[in-house]
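I have placed the structure first, in the form of structure tokens, so that the comments after it can refer back to it.
By written order: A, B and C. Residues from 1 in each chain.
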Amino acid sequence: MDSPLRLIAQNPVDRLAHTVEALLVVASAPLSVSELADATVDDPERVETALRLLGERYREGRSGIVLEQVAGGYAFRASRDAADACARLFERPVERGVSQAALETLAIVAYLGPCSRPEIARIRGVAADSAVASLVERGLIAEAGRESGPGGAIRYRTTPLFERVFGLESLAALPRLDDLGATEDELRSRLIEVAEARAS
Amino acid sequence: MDSPLRLIAQNPVDRLAHTVEALLVVASAPLSVSELADATVDDPERVETALRLLGERYREGRSGIVLEQVAGGYAFRASRDAADACARLFERPVERGVSQAALETLAIVAYLGPCSRPEIARIRGVAADSAVASLVERGLIAEAGRESGPGGAIRYRTTPLFERVFGLESLAALPRLDDLGATEDELRSRLIEVAEARAS
Amino acid sequence: MPALHPRPAVRDLELDLDAFEGPFDLLLTLLLKEEIEPREIDVAGIVLAFLEHLADRDEVDLEACGEFLVLISALLELKARALFPEEAAELDELEPEEAAEELARRLAEYRRMKEAAAWLVERLAAESERFFRLGPAPLAPRIERRLADQSASALADALRGLAVPPPNVSLSHMALRFPPVTQFLERFRALLARRRRFDFDTEVAGLSRVEQAVAFLALLELRKSGEIALSQAAPFTPIRVSRADEERIPAWTARSA
């Protein structure tokens, strides 16, 4: 552990922060702390300190470049102030015309983890083929092996791009389904209540 | 030319610089002054002033992000100080295996000879576009002409790199699959038959 | 109250059926509490009521249609199970009460997924001001992807995997497996080539209820095409099947039978 220590002594945090911002500006996807630590041959805690420094500097309102924590890592994006200018120059092809069927399919894959087309069809009550194809094409879901070995249906999972497009730090940042609305038990007891009210 | 002027008065150059840096961090190709002026709905000369400001801030030695003027316009790059870290970031560790999608696609192309994407999709029961694109990018398969007839689909074959990675002297050294069919045609029709059963 | 919810949800749909009168959600409740037998429910009546409800509106409510389809297909499944209890048990271990549980579970699951999808829509709208680069930066170095040595047998295994016929899964419990009608057409034709007549009940004894039903369809088919004649002394007595040409001398055939 000799050389990393020497490196650390030679390399104050603001220099490390320069290296980290350089990496973030060329990266094609969010970089995790460990990826940054590997590339800089530095300590993860020091990388986190550098990221905090950068977060101060590249923040909404202060800079046109904003550092965000998303999809399991850190990435630069444009500030919200620049959204109009960005919209004039860039398309958002990933999001354009995502159908209701595709969003329901996306929700199923995001919440239930790797899922096959038959499973999605069972929950939605209709075939999911074109919704799945359009989500794959947009890069929001990707193949994740087959169900129980050979001969099984292909399963799909969401991609890091999904987390990035929806601004999620990770899949754990999805709201719990219970918080979204009635659970099974609630639904059933509500139905029974209605029945009893009518019977009396 | 009334409204741009009014806009200019409301929008000091350092704000414009924020918008320009936002555009540059989102762009995947260098942006010209006129593109930047169109996107910001501002004056090309003021955009140039903003770029000079940004060039001061994002310059070698002062920042890890460096503004560079290239043939097509302006773009950000990593500073030279960060060159080693960048090289480490972009030099991917040797991948230990390929995905199921890639493996199935490779197996189809290797055993059945030049195949088009529609053929691969038919046998796998799922669109093959992303699997094929990633294998082409990695040099494991390459284009090999088109299917006969007008507008025929592009066909793909495996490459010498594929043979090297899979330890094959030639495609003739692939493990035999006599249990599935004696000839390539038998194998192909067997696979298509099963795929159709899977789809129904 | 002004029209905050202008369209009543599917579960508020008023039904007026022989076995039941009231809103759809009450019907579901009674089904879940097993106070109504699924077989008593007139599904066609529900569909009719829903169509009338749709016709009353100017626009088609696709969400309501989707929810309705899920509910109706679940109901049909329950009903199909109740009609063929033995076969249903054979095909799937679900008991009727478990099937009712399954209906409630599916309904809740689908509703939660719709809510999750609605959350995603909101989120997408809220994130519409976030712009980021997709793909590599203009002046970034190219990524070199290298692959470790692989085994060629993995390729053979992958292809073998693609040649495995799919297992009969997931939806199999929905489909009662009907043997093809042609199977019985051929069987009865062969039988009548050897014998002038036979007793349908004897012939199908020992077959499952579904197979018997299909065999009966085959019988009707042969009757329609004029290949056979059918006779039955009284309701619920054995059905006699004979060649069509035998029908020409019915008088003594019937009496001597």
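The criterion applied here is as follows: contacts are C-beta pairs under 8 Å (C-beta built on N, C-alpha and C of every residue); 3 or more make two chains touch, one makes a residue touch a chain.
Source: prediction; values computed, not measured.
Taking the mean of each chain's C-alpha atoms, the chain closest to the overall C-alpha centroid is A. Taking the mean of C-alpha positions as each chain's centre, the chain lying farthest from the centre of chain A is C. Here the CA centre of chain B is 44 Å from the CA centre of chain C. Averaged Cα coordinates give chain A a centre that lies 37 Å from the centre of chain C.
One finds 20 Å separating the Cα centroids of chain A and chain B. Multi-chain contact residues of chain A (touching two or more other chains) are listed as 25-27, 76-78, 82, 86, 90, 146, 151, 153.
Multi-chain contact residues of chain C (touching two or more other chains) are listed as 131-137, 139-141, 143, 160-162, 164-166. Chain A contributes residues 25-28, 68, 75-78, 80, 82-83, 86-87, 90, 92, 94-95, 98, 100, 103-104, 106-108, 110-111, 118-119, 122-126, 146, 149-153, 161, 164-167, 174-175, 177, 180-184, 187-188, 191-192, 194-195, 198 to its touches with chain C in the complex. Against chain B, the residues of chain A that register as touching in their complex are 15, 17-23, 25-27, 31, 35, 38-41, 63-65, 76-79, 81-82, 85-86, 88-90, 133, 136-137, 142-143, 145-146, 151, 153-154. Those residues of chain C lying in contact with chain B across their complex are 131-156, 158-166. For chain C in complex with chain A, the residues that touch the partner chain are 22, 25-26, 28-30, 32-33, 62, 66, 69-70, 73, 104-117, 119-121, 123-124, 126-137, 139-141, 143, 157, 160-162, 164-167, 169-171.
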